[in-house]
Amino acid sequence: MTETRTAPAAAGLDDWWQAYRLYTDYTELLDTRRLDEWVGLFEQDCVYRVVSAENDAAGLPLALMRCEGVPGLRDRVHAITDVSVYAPRIMRHVVSGLRLAPDGAGYLATASFVVTQSLEGDRTRLFAAGRYRDRLVRTGEELRFAEKTAVYDGTLIVNAVVYPL
Amino acid sequence: MTETRTAPAAAGLDDWWQAYRLYTDYTELLDTRRLDEWVGLFEQDCVYRVVSAENDAAGLPLALMRCEGVPGLRDRVHAITDVSVYAPRIMRHVVSGLRLAPDGAGYLATASFVVTQSLEGDRTRLFAAGRYRDRLVRTGEELRFAEKTAVYDGTLIVNAVVYPL
Amino acid sequence: MTETRTAPAAAGLDDWWQAYRLYTDYTELLDTRRLDEWVGLFEQDCVYRVVSAENDAAGLPLALMRCEGVPGLRDRVHAITDVSVYAPRIMRHVVSGLRLAPDGAGYLATASFVVTQSLEGDRTRLFAAGRYRDRLVRTGEELRFAEKTAVYDGTLIVNAVVYPL
Amino acid sequence: MRLGYRWPSEDVSRIPHWVYTDERVFALEQERIFAGPFWNYVALSAELPERGDFVRSWVGTQPVVVARTRSGGVSVVANRCSHRGMSFCMEERGNTKTFVCPYHQWSFDLEGRLTGVSFKRGVRGNGGMPADFRLADHGLTTYRTTERNGVIFASAAQEPPALDESFGPDMVHYFDRVFDGRELRVLGYQRQRIPANWKLVFENIKDPYHASLLHVFLVSLGLFRADQPSRVVMDGTGRHAALVSRRGQQVSNEVTEQIRTFDERLVLNDTTMLAPAKEFPDENTVVMHTLWPNLMVQQQTNTLAMRCMVPRSAGVTDLLWTYFGYADDDDEMTLRRLRQANLQGPAGLIGVDDWEVLAYHQQGLASAPEAAGVVEMGGRGVGNEEHMVTEAAVRAFFVFYREVMGW
Amino acid sequence: MRLGYRWPSEDVSRIPHWVYTDERVFALEQERIFAGPFWNYVALSAELPERGDFVRSWVGTQPVVVARTRSGGVSVVANRCSHRGMSFCMEERGNTKTFVCPYHQWSFDLEGRLTGVSFKRGVRGNGGMPADFRLADHGLTTYRTTERNGVIFASAAQEPPALDESFGPDMVHYFDRVFDGRELRVLGYQRQRIPANWKLVFENIKDPYHASLLHVFLVSLGLFRADQPSRVVMDGTGRHAALVSRRGQQVSNEVTEQIRTFDERLVLNDTTMLAPAKEFPDENTVVMHTLWPNLMVQQQTNTLAMRCMVPRSAGVTDLLWTYFGYADDDDEMTLRRLRQANLQGPAGLIGVDDWEVLAYHQQGLASAPEAAGVVEMGGRGVGNEEHMVTEAAVRAFFVFYREVMGW
Amino acid sequence: MRLGYRWPSEDVSRIPHWVYTDERVFALEQERIFAGPFWNYVALSAELPERGDFVRSWVGTQPVVVARTRSGGVSVVANRCSHRGMSFCMEERGNTKTFVCPYHQWSFDLEGRLTGVSFKRGVRGNGGMPADFRLADHGLTTYRTTERNGVIFASAAQEPPALDESFGPDMVHYFDRVFDGRELRVLGYQRQRIPANWKLVFENIKDPYHASLLHVFLVSLGLFRADQPSRVVMDGTGRHAALVSRRGQQVSNEVTEQIRTFDERLVLNDTTMLAPAKEFPDENTVVMHTLWPNLMVQQQTNTLAMRCMVPRSAGVTDLLWTYFGYADDDDEMTLRRLRQANLQGPAGLIGVDDWEVLAYHQQGLASAPEAAGVVEMGGRGVGNEEHMVTEAAVRAFFVFYREVMGW
């Protein structure tokens, strides 16, 4: 566990702020459905997964969404934008408690998230909550996701997960 | 669109932190119903609007709330505090993903929000979610809202919007 | 009231960031149920209280949870981990609008919170929202809670409050 | 007598709470009223400028799609596929040549005729529909439609009376006053879910009695007050009504003294917000027009809006607002309309009063369905009045309601 | 026999699950029990110190307002306007000279008499109420009230029996033990929505059997245990009950050996939390007092609380807690009460056990309404017992319940 | 005829919407179908490797607990205590020697026999159960169980037919094809709440007609298409079915031309995601197996999953997915299964299409319960077909459904 309190200041404020901006890009690009730009936040050989807390706690490998590398992400984005059938909706992320811990060349990052879903014609409803458990790497000036895992708390999904969490 | 990732660090950390404090004042003064102080966060000739994502996306000009300048804000505050009939409630804002981009004398700022409503005698319920799209200007030491637009996601309002978002 | 806008920058960015990390520890340790470590975030002679906005506004002293000092916290943690009967659940906190104001040796801190609850076998539901009103003190490098009060907005609790807010 | 209920009075000076709270009454209303020989408002023509434009709407609880057809006409079809029953239209609005149900891709023309069944003749000799399957037998459920000066109505009845007949001359007068044939321009939408029965939402606009008392903002600013020249006009049946009045001054007199909430000190800091501009031939500044069964046309100074009710259950009503102006409005007039929009709607300076009161009204009714309301302001009659101190329009509504519902 | 149901046993050793799950049973309970000739707890006198003070409350599902009248008496009126039925009181508590309904400003005195109808005589000769309209005919629905040593009760019945009669001597004894005439001081409120039928919440406090087994905290700390001196006392009808016991030591013996969950190692780090102080004449340390139909008075060491049930539906009950002390408490005693409050309530160290169990209890019942529970601990009798190893009080409750409900 | 309903056609070419929307129909289904003489899937043996392992599950709306007993057998008991009815098992899974109800600590062995009642003999001569109380009379409600090649089924019926009998030879063939006796390994769970009737969820997998049209991803990548070699196989009664097909090429031809959504340009950037590996003796690449009343076994290339339906109400169904492989899978095969899992499930590349369509399907049905669907693709017969251009399996399902429900 990299989450203990022993090295709270291990990563500097500037690093933290850069990571904060990465997460801001991440949620903003998702919530405004600019998914092609969103893919740009990931490393070529990244792994992106949406996993239930149930499987995560039991050490079961199954994910709800699993994209390997930018190609895998592009396939998912292509399906969402051009292929899948679903009703229009607006998702909204709030992220809190971003923690950054140095890890080799990059950082291990964790944060809490809550996501709402507003289906066209309906009111805003709570959709999901959970925790990001990510690995960030620096290339030049940029921070990117080398690994991103969204562990969602609820046992039951509200019908369908159209967009990445 | 000023929201692309091309200039992530365009505004400095200190500016960001000052903006963060402005949003903290904004939500705290709203949630504690100190509305006269809340008006103090706006420029004299500001425009404050609450707009549905539906109208915003369709380019329709209608707002749900529209206050022109501090006088307009004062009228709205007066109605809320002394005139309107409504049941007591507590609103609570959480704001996330505050992004700041320089814009002439000031900044363009965006952030996500989720608002809960707790009606007296009831449990806490999700009320709204959406995105702020604001213009901030600096007067002396202070940052203020020259323009603030709260774009809410849900199509259906839960009965009434008593307080500004 | 220490919440006015008169001294927005009163506490420095570094202090704020350290406080931000304290709140991150607080929510992360609660949400991952590492309650013994969580107790470590408090001063020996702290007071921890969960209070309804109703009692708080009326000046009524009754709390929903009340722990005096680390011993009191330990008793609560012991009950939760070894004694009480309840169904498994995952709580998730999001915190927003952290404000820090110098106060003698330490700081007065306020922040908004929203908490979701995911009962095993169910979907994620909104559980509570409210405001922290805390006193932080510095011991050596560390910041700790000398006093923490979680004021929750809703009148009705959703059945039971198992974990601290 | 139906459902074991009995109306508590001979006349309509009493209204039983159960008409607002019983789900069985609600179901019967769908059948008798919203699916009855009446005209439901469904959309504005301005929302469907091009051939192929469509928008989702509602006829009571029934989901429908309103479309501008190839011929330039208007069609309204049930949003329910004739194959297995899916609500095929998953988007609020758009433009299309045909309706294609996503499930098995049955396709329909904009009038609702079934035009294509995928694999109808099978694949390589396998499957397909039976020889006797006729496309013509499987069209979508359609509604009768009518369009008057830019407003579209639909009816589930086979042969509903003509719109002007169903309105009657006085209602046509007030309708044409706003919809005078000029092209309309949609300024935007507001939508809210009100925890109250649809009739409470409707009555609220037929009840000038409350306006003078509940809405301090309205009253104190002299926008609407019991002592101002005003009329309550109804059609012959009482189901429709128009509340007509003229803006007065902000003065206190022996009338305002009767209004506890009157506040002569109330002044606007931003005087532009409600600055009026005369735009209609007559001197009336406010006309609130309720058109059975689901429409309220609002002309409050320069804010024009359609308020469309979508009943969801006995205790829940969605109110959908479409604000509009005229295509030939100049920017100043448009800005005026947008500013005055602060007054009404889900966040309206006076609107909030209504939504909050309606929520508590429904709560009260639900606590005692067997009790009854007293509707005697202005006497027990149901005729037109030359003043606002009356509940006549509410009574008149229930005369017709009882007839239709068979109570 | 009603609703097609039949009680599964001659005696009350069986309780059918359907009494907890059927909405029709729930509706009948409102009529027979909460609106019956019984006394519902509605507020403490200490909440209404001044003339004009009012607080919202409930009589079963009925919203009411409790007020301190001009004369210093107490009145309870339905929160439902006699005009159109709005729940006029939109605030939890306050002080007023008159109740004014916001919708049309009809005003009532605190006893519920209609005192003013706005525009009653019309405006400048227009409108107004009919000549034969009499204010006296349109008061609010009122409830009979009674106040005993600082506790206020209400009844919808025209002539309910006197409170002491309805309690019986034993219940009066335990009631007056806590409410001895001293002025009370409210320390605060706790409110929760429990996903369980109101009778499950009520029985939970009539069932000492579970306390010895479910509540490890209680048991292991010796706060309450089956082997301690204790009694179960009921009134003649069995509807009310008091569970009375004395704090014991934290020792293990042949009894605790029967308790799987007993943990003798359980010790408090903060010993001040539960430090007791004797304050009542007798030696009893815990008295849990259930007073039909909606009140539980808790005296757990030094925490005193009213637990008021508000039934919402067959499967949902709101439990409203009012913690109190005495006006003459010193700070030390007040602090003691606040500390011990950790034990009960929505976040109580032992409370949590109950709320969680109740939620799963209701789930089990809902899955098989036709099945029945077995209530034979301590035999099948319904009399008082000098011990806690019995479900007698639960059985006694259902003897009266069956009588009232006609099963 | 029951509930006042009449089937709209002699045959099953019409299906009335009310079978999907009426809560009374739903209640009757619980009694006739889920509690009937049929086998409900409850768990995989691999979830209960050790003696004492248990997992919560459902038989229709009934909560149950599935356990591996001391003897190594399997037991299924109602999650409802025989004392007062609490759902005693508050955890999703675990390992235990006995079931202990937390409320009063009655304890049961894993077969559901009551083995202990706390304070049965009282405490120091006080209380306790009556002399004639027999533990044997108060066991938990039990279900008949059967285990076949690692899959556990339960039935509420006293003497349900043997599983293979109830399946019939063809269904046994396809069942044993996946469950060939090899040990299974659970890879993980996915769970979703679908706002649609359980039969819509079930039919969706009995309806190959939609697969060729709705699922662009499936079709365009040639994973499943109407022109590929395929069969629809049913048991004698029509309640079970297997949709069997072979992966084709991504080519356009006269068939794909009939598919509006066909997109030959659709290519995967990450080709590893769907890279197949032959692992079954036959050439079939997809077998979708629906086993009445609550199970769908999915073999989509190398993703194997149990889809268990838990009906919640007429309009809500929980779908619980258990993905698995074989204990002897190498890492490469496991990785392959995990990658291909992207296709189905609540976030599946094609799954999403289904869940969204189902939600809108239910909405359409709810708007007109009296209307009926048309099920004539592939004719009106109910026999096996050697192609996918048919709704035969849906029709066959309703032949049996009508028989069981008595319509």
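In this document, chain identifiers A, B, C, D, E and F correspond to the written order of the chains, with residue numbering beginning at 1 in each.
The criterion applied here is as follows: contacts are C-beta pairs under 8 Å (C-beta built on N, C-alpha and C of every residue); 3 or more make two chains touch, one makes a residue touch a chain.
Remember, predicted model here, so these are calculated numbers, not experimental data.
Undergrad: Which chains, if any, touch subunit C and subunit F both?
TA: A, E
Undergrad: Hop distance check: subunit C to subunit D, minimum number of steps through touching chains?
TA: 2
Undergrad: For the copies subunit A and subunit B, give the interface type as same if over half of its residue numbers appear on both sides, and as different if under half do.
TA: different
Undergrad: As a quick test, compute the distance in whole Å between the mean CA positions of subunit A and subunit C.
TA: 26
Undergrad: Counting in whole Å, what is the centre-to-centre distance of subunit B and subunit E, each centre being its mean C-alpha position?
TA: 43
Undergrad: Rounded to the nearest whole Å, what is the centre-to-centre distance of subunit C and subunit E, using the mean of the C-alpha atoms as each centre?
TA: 31
Undergrad: Please set out, as single numbers or ranges, the residues of subunit C touching at least two other chains.
TA: In subunit C, residues 13, 85-87, 94-96, 114, 120-121, 123, 126, 155-158 touch at least two other chains, as defined above.
Undergrad: Find every residue in subunit D that makes contact with two or more other chains and list them.
TA: Each of 90, 92, 102, 193, 214, 353, 356-357, 360 in subunit D touches at least two other chains.
Undergrad: For this structure, enumerate the chain pairs that meet the touch criterion.
TA: Touching chain pairs, listed by label, are A-B, A-C, A-D, A-F, B-C, B-D, B-E, C-E, C-F, D-E, D-F, E-F.
Undergrad: Per the contact definition, I'd like the list of subunit C residues that touch subunit F in the complex.
TA: 85-88, 120-121, 123
Undergrad: Spell out the part of subunit F that touches subunit C in their complex, as residue ranges.
TA: Going by the criterion above, the answer is residues 56, 90-92, 102, 193.
Undergrad: Using the touch rule from the top, collect the residues of subunit C that touch subunit B in their complex.
TA: 3-5, 8-9, 13, 16, 53, 94-99, 110, 112-114, 126-131, 152-158
Undergrad: Would you mind writing out the residues of subunit C in touch with subunit A in their complex?
TA: Interface residues on subunit C, with respect to subunit A: 13-14, 17-18, 21, 23-25, 27-29, 31-32, 37, 40-41, 90, 92-96, 114, 116, 118-126.
Undergrad: Can you tell me which positions in subunit F touch subunit D when the two form their complex?
TA: For this pair, the touching residues of subunit F are 15, 17, 209-210, 212-214, 226-227, 255, 258-261, 353, 356-357, 360-361, 363-365, 367-368, 371, 373-380, 385-390.
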